[in-house]
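Chains here go by letter, A, B, C and D, matching the order in which they are written, and residues are numbered from 1 within each.
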Amino acid sequence: MSTYNIRLFIDSQLAHVRLLGSAVRGIGQELDLPTEQVGQIELMLVEAVNNVIEHAYDNETGHDVHVRVECNPDDQLKVIISDRGHPIPAAQLQRGSAGDDALLPEPESLPEGGWGLGLIRMLADSLHYECNQDGNHLHLCKQLA
Amino acid sequence: MKLSVHTHEELTVLKVLEPRLDAANAPELRLRVSEMIGAGTQRLILDVSAVEFMDSSSLGAVVSILKMVGGSGDLVIAGAHGIVAELFKLTRMDRVFQMAADADSALDMMATA
Amino acid sequence: MSTYNIRLFIDSQLAHVRLLGSAVRGIGQELDLPTEQVGQIELMLVEAVNNVIEHAYDNETGHDVHVRVECNPDDQLKVIISDRGHPIPAAQLQRGSAGDDALLPEPESLPEGGWGLGLIRMLADSLHYECNQDGNHLHLCKQLA
Amino acid sequence: MKLSVHTHEELTVLKVLEPRLDAANAPELRLRVSEMIGAGTQRLILDVSAVEFMDSSSLGAVVSILKMVGGSGDLVIAGAHGIVAELFKLTRMDRVFQMAADADSALDMMATA
């Protein structure tokens, strides 16, 4: 089967994120992916989009959050999240590359946040981040079962 | 946010009736629980069996609820399944929370605690 | 509850229409709409998008098909399909306003097409078509149960 | 396109194993059936029980299949449900097609025809 793609946009408001999440869930179901994988794809997308709204745009409404979904149903699904706000600091992006321990906050410290990038790393089969004149682009790839 | 509250002696079962807990509605959940605690609730079962999706910012709200009720013996998360259960597992927060398969086993767990 | 909106784009290729259909189905399920209504919304959308690809763009790839979904979960869902191709001829658009009989081809004539606009009229609770410098916009509105 | 073909004496049951029939894949369905007819199939049950979505351009393909098999007694549509059944009803094409609840009742229908 050939590659399809679709682009989705919301305004930078947390209340709108569920529309992106559910749209991508619908696409995953249409591609007949296993339920667990659909949930994982939705979670990695929502974490990335929440970060864009909260950090790239500092919770300011009126900015576009852009998601591109590319899928080759026999093979892999790519989700690319783009924004034109502050880029992810390199130090945050590299966190975790030293090993799993640095990826997520210690449970016993009862953290109330700080899981987003670590979860994205764990849920995506590969991750690539690129900043250019069109903005910041987080490429997440999921191998399909 | 749709919630149902049932009281069993000194235990409160708070069931989330929304299919989704995320950054948009987690603050409201946190607020509603803090009001319940203000009104006297001490031991809480948070029944998430109807929740089909949960993100890490709502996990943060649940940690904050844990801190509000005091100790981990006083909060049980019941009915986490699918990606919700996976979120607790991936973040290893299932080590910190008491987790029960459903509200009934959470009640048993708390009765013997 | 307040109004949310999301914008979706595909290239003008029939093979990509299922991504739009399933994304909007996912949104309908998220809003907890009855299954029948979700199916009706997907069908009216797909008929409108097929028409844009086949007629507005004469089956030429490389053009954008734009769908905007606005929803007020307590009240109504609006689906706006936009293109920059040939507009729907007024005669086609007015077909059916004279009564149901003119809306759809006669079953006994064994038609192999010609149902699209009639179905859209039947499935939408209201319909409004607008052509301006930004293109052609078909506004479909569905009252939520 | 995933299809399954079962032959019961002179009857063929063609089951569409795709959840979706639309403008992108309807031409292939039409082609596959025309090949089957070329290879001798005369009486056909089109089982759409696994189809969850169908648009009007695939309805057009099904009409064209009806014309290929000859008369309406020679084609039964089985298992249409949800929006698929509604599409046949809204277009009133359920007047033209023989419709059966499932493949078994379609077999009965054709046996007595």
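Basically, contacts are C-beta pairs under 8 Å (C-beta built on N, C-alpha and C of every residue); 3 or more make two chains touch, one makes a residue touch a chain.
None of the values given here were measured: they were computed from a predicted structure.
Participant: Return the distance between the CA-based centres of subunit C and subunit D, expressed in whole Å.
Facilitator: Going by mean C-alpha positions, subunit C sits 26 Å from subunit D.
Participant: With centres defined as the mean C-alpha position, give me the subunit A-subunit C separation in Å.
Facilitator: Here the centre of subunit C sits 29 Å away from the centre of subunit A.
Participant: Let me have the rounded angstrom distance from the C-alpha centre of subunit B over to the C-alpha centre of subunit D, please.
Facilitator: So the centre of subunit B lies 50 Å away from the centre of subunit D.
Participant: Mark out which residues of subunit C touch at least two other chains, giving numbers and ranges.
Facilitator: 15, 18, 21, 30
Participant: In subunit B, which residues are in touch with two or more of the other chains?
Facilitator: 20 - these are the residues of subunit B that touch more than one other chain.
Participant: Graph of touching chains, which shape: line, ring, star, complete, other?
Facilitator: other
Participant: Can you give me every chain pair that touches, using the contact definition above?
Facilitator: A-B, A-C, A-D, B-C, C-D
Participant: For the complex, which residues does subunit C have touching subunit A?
Facilitator: Answer in residue numbers: 2, 4-11, 15-16, 18-27, 29-30, 69, 71.
Participant: So in the complex, the part of subunit A that touches subunit B is made up of which residues?
Facilitator: Residue list for subunit A touching subunit B: 14-15, 17-18, 21, 35-36, 39-40, 42-43, 46-47, 50, 53-54, 104, 107-108, 110-113, 115-116, 118-119, 122-123.
Participant: Going by the contact rule set out above, which residues of subunit C touch subunit B in the complex?
Facilitator: 30, 32
Participant: Can you list the residues on subunit B that touch subunit A in the complex?
Facilitator: Per the stated touch rule, the residues are 20, 22-24, 53, 55-57, 59-61, 63-64, 66-67, 82-83, 86-87, 90-93, 95-96.
Participant: Which bits of subunit B are touching subunit C when the two form their complex?
Facilitator: Within the complex, subunit B touches subunit C at residues 19-20.
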